[in-house]
Amino acid sequence: MSSPIATWSAEGQERAQQLLALYPDKRSAVMPLLYVASLEHGHVTNEGMQQVAELIGVTATQVRSVATFYTMYKHEPVGRYLVSVCTSISCHLLGGDEVLDAACGAAGVEVGGTSEDDLVTVERVECIGACGGAPAVQVNYELIEGVTDIKAIDLIDWLRNTTPEVVLADELQQLFGGQKSFDWGVPEPDGAIAPVPAFGPYGSAEEGR
Amino acid sequence: MSDTTTVSITINGVDHEVEAGQRLITAAEKVGEYIPRFCHHDKLEPVGKCRMCLVEVEGPRGKQLVPSCTMIVNDGMVVDTESEVVEKAQEGVLEFLLINHPLDCPICDKGGECPLQDQTMAYGPGESRFIEPKRTYEKPIPISDVVLLDRERCVLCDRCVRVADDIAGDPLITFNDRGNHVQILTFPNEPFSSYFSGNTVQVCPVGALTSVDYRFRARPWDLEVTPTVAAHDTVQSTAEIHTSRGKIVRVYAAENDHLNDGWLSDRDRFSFAANHAPDRIVSPKRRVDGSFEDVSWPEALNTIAERLGGIAPERVGAIGGAHNTNEEAYALGKFLREVVGTNNIDAQLGDGFNAQLAAAVTPRATVDDVESAGAILVWGPDLKETLPVLYLKVRKAVKNGATLVVASPWRTGLDSIATSVVRYRAGSGQEVLRKLAQGSAHEDAAAALTTGPVVTLFGRASLSEDPRLAESVAAYGRTLPDARLMPLLTRSNVFGALDMGLAPDLLPGRVGIEAGSAGLDAMGMLGAAAEGALDVLFLVGSDPVRDCPDPALAAKALDQADFVVAIDAFVTDSSAHADVILPAALWGEVDGTMTNLEGRVQTVSAAFPPRGQAQSLLEIVRDLAAIMGSGDILPKDTDTASSSLANEAPAYAGVSRESIFFESDGTGVVVPTGAGTQPLGYIPTDAAVPVVTDRFTLHFAPSLYDDGVITRHAESIAGLVPDVTVRISPRDASVLAVSDGASVVIDDFLTLPVTIDADVAQGSVVVPFNQVATKGLIAASAVSVEPVRGDV
Amino acid sequence: MSWFSDLLGPFEGFAVTLRQIGKGRRVTRKYPEEKRQKPERFHGRHVLNRYDNGMEKCIGCELCAGVCPAECIYVRGADNPPDDPVSPGERFGFVYEINMLRCIFCAMCVEACPTQAITMTHLFEFSVTDRDDAIYTKDELLVEPDGTPNHPQPDNPLIDLGELREGDGWLRATSPAGRREYEGVVAWTPSARTGTPAAELGQSAERDEDAEDSDG
Amino acid sequence: MTDPILTARMEANRTDSNTIDRYLETGGYEVLKNALASMTPEQIAEEVKASNMRGRGGAGFPMGVKWGFLADSDPKYLVINGDESEPGTFKDRQLLERDPHQLIEGIVLASYALGVNRAFIYIRGEYPKPARRVQRAIDEAYEKGFLGDDILRSGFSLEVSVHLGGGAYICGEETALLNSLEGRRGEPRLKPPFPAVEGLYARPTIVNNVESISNVPWIVANGGTSYAAIGPERSAGTRMFSLSGHVNKPGNYEIVMGMTWRDLIYDVAGGIRDDRALKTWIPGGASAPWLVPEHLDAPLTIDDATTLGTMLGSGAVVVMDETTDVVKAAHSIVRFFAHESCGQCTPCREGTKWLQDILERILRGEGREKDIDLLLDVSDNISPGLTWPPAMTTICPLGPSATAPILSITRYFLDEVKAYIPVSEVAGV
């Protein structure tokens, strides 16, 4: 019998094995494995959920039950850059809705839609923990604080024109950000390579491309 | 558990003494204070999700609203179930449940028996204040061949999820999405293929889960309910037949805590369609020039009587009777032994084991013993495939803390929860058993069988297994601490039939026949008929060509016999050979009693008269005996049959339809076994079973949905037969040089695709029994397996 | 009190008759040539109605059968054929029969009906020569797509369908009380609707388009 | 003013407070070394209990007492709740990003005190950067022998790993968090059993907030009584407040409780932007009922907040100036709770969305006069009596939280709500 994830990349398979070994109960690895499956398939697909189910020994239905509970698992294809605009209370007070409108306009999409060139998806999200730097935006979960509607348009244009391989929060903050919640400290070398949170040895990339 | 101390609680100002440890909602109900509920179900773990059962309980911080389904009663608890706050909460919850409910009650199958309707009437607000658009979903979507899902109606009570996951162990239906969009769903393109899916329909408190069979067939107010048992297997779950205008429209489980806990398998639940199958035999038929023509009952019976006249009794035999009621079986036995004068009677088809062991093994376990066992050994047929409700009981026992040992040549449904699995090569069971008993191997299995009471469930794992192995397993089981034994025969009322003496060496009431006068068993009769030593053969609802281990012999026997009488509801591969076919009444059309695998006698009832001219077996043999001039020997109806039986069979004394009804609260009466009280108390011995050492040994085991006559005629489950493949171990596959999906030839005639399966013991070949694709395969221990070359 | 008045007693009744001669209207009619106007709420026999587009209103819910005190109604529901639904929603009345010999014309079926599918007309002449003919089947009960009631004996000279269209019972049959705003709303609604109901989504491609159009 | 406890290091080292070198250089892991060498687990637990610190996650339950409930049966688990998702709150993000070693040292001390050998840090999925920094810090700590087998040759071992969430506010509720960590839907569990008895994998488990655990090194170093001496009784210690909204200086501030709201908003946070007037503020995250200028001089303690019918919750203060449309603001919060409801119990699943729908209809100008009563009655059906702390018809407090803004706008700004209702509707009733 072959491994259910034989079609995954070598890094993906290695990461999956690490995750399975990490927890006292394999089932705990469902959520991180779904991120890995997202990277492998572009989003959470039925096939991906079945593979994860087989890896941890539960039914695919149970995996889907988890995968649909959390909003960060995308069940439809999203653009290369997932732009998440916060409109929760602090951002709402300081213009988050305008930023969202501007980003949608620049990308030419409705909220939740993906631009025709498949590069940018703009979504509305609830609080992303940057209330001190409201309004806040994330690109592939890398944060930018103090965004204005005009900067949001610039951000979308920049993403489309430069199509960065790795999304780096510090770079984006410098280009399109404003007031921050607090000092960020030393620049972060890691960034996101896909619309999946960049965490762990597979899924983020060191600066230097 | 045995500790039955009580606590005193106050409900609505009235003091009550209630059993400690139970949930408040249950305690209140027992003292007559009904608290409304949706998610609460007696047989399921509490989840407290619907919030319908909120009551006020006095606490350190004053009265607080708490869900009564999760609250355990404690001494001095002061509860208010009718306060203003409670009533407001109930109204609020019902309004919340209804705002997105489609209110399509007029066309909803649940309308009329719907807890949501009833509780809205009793506790709900008069009208809704909701004017926003309702949540809509596509409706309904089929989630399996037998169940439909309407998410708009769902109140998300979690009952179906808990039944599928906690009870059945098939978590194939779960919640999806979040918040206001939560919905019950199965995985896309993966059906809810549980053997127990129908239970979700029965427990659903709204019309969200409905069955394909019942959909739009009737409304609850025009149903007639007939209590009976689900007679498809020997568990004989307590059930109800629901009829509308003379047709069965659905079968529901009844709650019997000693047996099925209110659950049924889908086969039990959905096989009723066979009663109304268009190709049922509804009038007597006689073979004329090779084809059947309809004849009248007198003509048919006269033909048989004439043929029986002047024939030596030992040249007459009868196979079958396992599908009939005890009274019918009793009458059949009396007819054969006293009117015809033969002991050639067998309710088994060579697929079981020693009839005396099955009928009178001691000490015999009850299903309650299984539930409360310290350890369980299952060495026999796959319970999930053959006795699904007993499988649920074993699961429950394991959940209660019992250890479980499963011995089987191939993966069974219980393996995933077993403490230890003994995987042995088909044909080598005896050797493995010896080692287990001696402690020279399988130490972990032996270690798991040390906490008493140990219940041994023994039977024949496959048709190709030596029937004497069951004897040895039982003998071993008897040596375990506080041992109880449960014989596993699987066919319908076979235990009742054996108790009624439908065996070559048994008389009614578990009385053995004196040595030397035993008749032929089923295989013996078939062999004799094939050699011309038997002239007249009665097939009583049996299909030996499909169901016995040697189909070729059965076919030859039916050809060679001079005269074959089939008492059957369908033309089968066997009854097609008959000279006369008599239309038999089926389950649901006959009154009587049945006996299950623990010896529990329950009543079965006719929901409507037999189809067409069909008659009960009792009526058939009674009329036949009358024509033969011995009408006074046989009982004239069910009641006289049971009183006559009681006189003759001490074990069944006092067990009548009436006494069961009045004494058992609908749960049935267990006929006691054990030396001293019984004429026969069978003590199993270690049998001498030869070990088969051929290159390949066959494991020829039944699955739940097979090509049996009832399954075949029940439209909704007929399509559920599994894909038929030959399973072999990876080692054998590499030796044979076949890959997954390649074809092999078994015994030089049956070509089937191969599935390589790590759960198959090396040297064994697993083939499903009684499927269209495996028709004709002889259940011998050793088989030949050759790869088909040249296919891709 | 005299013997004389006793003698006249039997004739007193004639006095009433004599007094009435020449007064009042003539009530005898030349039925069936001449027909009398039925009261508005006259309970004649039932019809099964349709929506304007010809779809049947009956959804086979059996509430009429359930409520019928004479147990004279037999209904069986069935799944609407997905491509050619008989009624809006999932279910339609597959079998619908009324035994007019048993019916007591109480109209409780009309009250129970959630879609106003069954209503009563002013039709009252339905003598039969065979008891079986008194069981009206769905074909006979269902009005024509143009709204004309059916009758098992169309050629019976006793039947004047034209007259019956004027009656209130018939008006109720063709213009059920319902709310316009529900027209074209793709969802089953428990109240009766006027006009053309849209089919459930998924019932047919053609109807899906209609439904979406009418949404906007 | 007491010196800051949690933020001193990051204030002093604005760029590299997260690195192990800087941490060690500023006295990091010294407490651990001393404790492992000279203190028993019971002594540490005693200090924490003596500190009277109340949990910083929102519920405010004394941490030492909670520890005392942990059933003594191995294995036990410690889970750090870093699922900070309450709108207005971003303090844990700073602690995770800027001083992860302080947290890790706290975890090792807590684990030692609790007899735990396996700890998890659950960080919300939208925080990949804090998660990376914590992971790096964990790697460094392993390297230096502060984590792993036989820590500092004390015989005590501890494994720590980071678990990333998937985007669900409800996972901040401790039992939902445990379900999530077990690979299930993040639905709150029924209590009892409490996690301290049956938590992660049905084992005894302590769930503590990031800020709470980050305080442990200081408490162990300086003694529980010195911590308890800071600030008012029953609101001991310093506490991180996240200020956001229309203030001049939004950000996280570590303060000693007991000051007035006026001090906090006008002094600490620099007053209202553009010198506008203060209209209202949310004192403790989106779940908390709002306060208005008449409350400005009330002291900022847990108990005083309760007296005012609200709470300090997670320490998130969202300030709204006179230009704020409170109906829209309330809608934003209600929408948040409807979006984040797990959906398992009826009142929350149906009620929060209904409240959102009604508010949206009112904002569209289609409101009816009776909708105000309807809003309150629906709220009442989720949280009977609309009192504080809330009574609940729900399993967890998420549903009742959604009623806080409804209650606030109808209590203080009823005219503004009515202004949205068309005149004809008002007259028509």
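Read from first to last, the chains carry the letters A, B, C and D; within each, the first residue is number 1.
Everything that follows uses one rule, which is that contacts are C-beta pairs under 8 Å (C-beta built on N, C-alpha and C of every residue); 3 or more make two chains touch, one makes a residue touch a chain.
From a predicted model like this one, the values you see are computed outputs, not experimental measurements.
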Task: Shortest contact path, chain C to chain D, counted in steps - done: 2
Open item on the list: Considering only chains that satisfy the touch condition with chain B, which of them also satisfy it with chain D?
Closed with: A
Task: Central chain (distance from its CA mean to the mean of all protein CA atoms) - done: B
Open item on the list: For this structure, I'd like the pair of chains sharing the most C-beta contacts.
Closed with: A-D
Task: Chain located farthest away, centre of chain D as origin (C-alpha) - done: C
Task: Centre distance in Å when chain A and chain C are each reduced to the mean of their C-alpha atoms - done: 64
Open item on the list: With centres defined as the mean C-alpha position, give me the chain A-chain D separation in Å.
Closed with: 24
Open item on the list: Report the inter-centroid distance (CA atoms only) between chain B and chain C in whole Å.
Closed with: 50
- [ ] Go ahead and note the Å separation of the Cα centroids belonging to chain A and chain B.
- [x] 51
Task: For chain A, residues that touch 2 or more chains besides their own - done: 65, 69-71
Task: Multi-chain contact sites of chain D, meaning residues that touch two or more partners - done: 168, 185, 339-340, 342
Open item on the list: Can you list every residue of chain B that touches 2 or more other chains, as numbers and ranges?
Closed with: 175, 177-178
Task: Which chain pairs touch, all of them - done: A-B, A-D, B-C, B-D
- [ ] Name, in rising order, each residue of chain C that touches chain B in their complex.
- [x] 59-63, 65-66, 76-79, 89-91, 94, 114-115, 186-188, 190, 200-202
- [ ] Would you mind writing out the residues of chain B in touch with chain C in their complex?
- [x] 102-107, 111-112, 134, 136, 138-140, 215-219, 221-222
Task: Residue ranges of chain A touching chain D (in the complex, touch as defined) - done: 22, 24-25, 27-32, 34-35, 56, 65-66, 69-73, 84, 87-90, 92-94, 125-134, 138, 141-143, 169, 179, 181-186, 188, 190, 192, 197-200, 204
- [ ] In the complex, go through chain B and note every residue touching chain A.
- [x] 170-178, 185-190, 756, 758
Open item on the list: Quick check: in the complex, which residue numbers of chain D touch chain B?
Closed with: 168, 185, 190, 338-347, 349-354, 357-358, 361, 374, 380-382, 384, 391-395
